């Protein structure tokens, strides 16, 4: 078995829909972190509606669904005010953080820390805070459900 | 039968994907004008993909598919630069006009001229330039196909 | 323009959901005849649900939707009693005829008369009783809607 | 926690696509048993395609997908020859058993043993042979994936 790494803490400039606990503070819960850009079609058409389904289907005290707006292109069109309008219009309810940028770097900091290749990217973190899976693109509901079910069962067994 | 009105000319500040002829210049072709906002979920998830399907399914010399960005809310987030990024990312190929605003009026001019209630709105104009149908919301493909097929048949019969 | 042929009359051993007029008796109405087999997956999963949508979307005095059970394989499993159970379970409401067989011929008579290649097959007949389109497979809703809309408009213009 | 019951052994008159091990012989694997009737629309349109997706998505040495044809109505139309044609046409690859009938009883024996209310019914059995979930109707892919992922994780933890 591969050694499991601790998931890097996210670095967020601003939260929408309320700030969640830090990653350390989420210990004991499974975390589904999904990185997106509001103008990325695969995100808006497929990944975000799936996140909303997950957010509604699982108990929140066991699974935390957290969005991360990892803007690496079209910066002017995807700023915080535009994101606020987007989240309002789509009625997304889960917490969404704006990934922080270092001055002069087009790629935001959490995106760099996880070495993400683009958006959408799914990140699964187990109840012990370890990075269990990172997927560039969209998983189908069956595969994502199975991955979440496995981590939740492991979390219950350890509790 | 109700008297058919001439469709009002659109009033566009700027075109993306190339300017189409004026409405008068499109005489002889059926026109599907669809009013949208890039951050309107029903537009992005349903109406615009349907317009793309229509654009690809019908011969362009017989049917003109034209988008109209009728921004009446979230003006700062839906400006021309944001729209350019949106159209680029979604690979939409049909002409899209930015509906012109009068100073101080949140509703744009073409939207007012057609008395549109919101977005998405479909407008069907026959080959003689007459307004044949205006629908706030999304029609299913069967109903939209039937409406287009009827107007195209009438255009052929008149030609 | 190709010379249009008169559509051959169907030859039906038995009707379910009530017998429709003969093809001659349907003059003045557009006819959508769809040939299927109850155990053909493309028919059961796609073509028949589409026929149900068409049956519900268009006025019946203008468009007649008629199913034809053209059994050419699995004869024992697709007899009239099995078809009755199938139609009852799926709640299909349009008339369905059992295509008649000549003794010893696995292909039924109407299927032969139209030279159908398999199931599902769509047949479009105009209000003058002429065969306008025959398609082996499933058309998408946009294309089928456009074809129907065109024939209905032509029927109105001729009336 | 409720006491978990051992799942009743299935009672099958005949297998298609090869006989699987008995339930006892499947110890160590999670079992997804799905009861269906070939002329039940919810089964043919939704449940069986989902079973095929599950069959293809999970490793067979860890999860056994098994169909059970629990005929309780339309007996003449849903006999073994009709089922053979159905399975052939739809290309279903998982083992399917014909639930055995007692003379004079319209309900088959396994259906009675599990007190199933109708079709489709999903049954989840854990790697220790215990009945973990029984659901009349169709679960969405996210919920079914989560249930399977949980049982598979528990099976790994116990192994």
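As written, the chains take the letters A, B, C and D, and residue 1 is the first residue of each chain.
Just so we're on the same page, contacts are C-beta pairs under 8 Å (C-beta built on N, C-alpha and C of every residue); 3 or more make two chains touch, one makes a residue touch a chain.
Quick caveat: nothing in here was measured; it's all calculated off a predicted structure.
Chains that touch both chain A and chain D are absent from this assembly.
For the pairs B-C and A-B, the count of C-beta pairs in contact is higher at B-C. With respect to chain A, maximal separation of chain centres occurs for C (centres as means of Cα atoms).
The centroid of the Cα atoms in chain B and the matching centroid in chain D are 50 Å apart. With each centre defined as the average position of its C-alpha atoms, the distance from chain A to chain B rounds to 36 Å. Counting partner chains per residue, chain B has no residue touching two or more of them. All chain pairs that count as touching, in label order, are A-B, A-D, B-C, C-D.
On chain C, the positions that touch chain D within their shared complex are 39-41, 44-45, 74, 76-78, 81-82, 84-86, 89-90.
Interface of chain D with chain A (complex): residues 53-54, 57-58, 140-154, 157.
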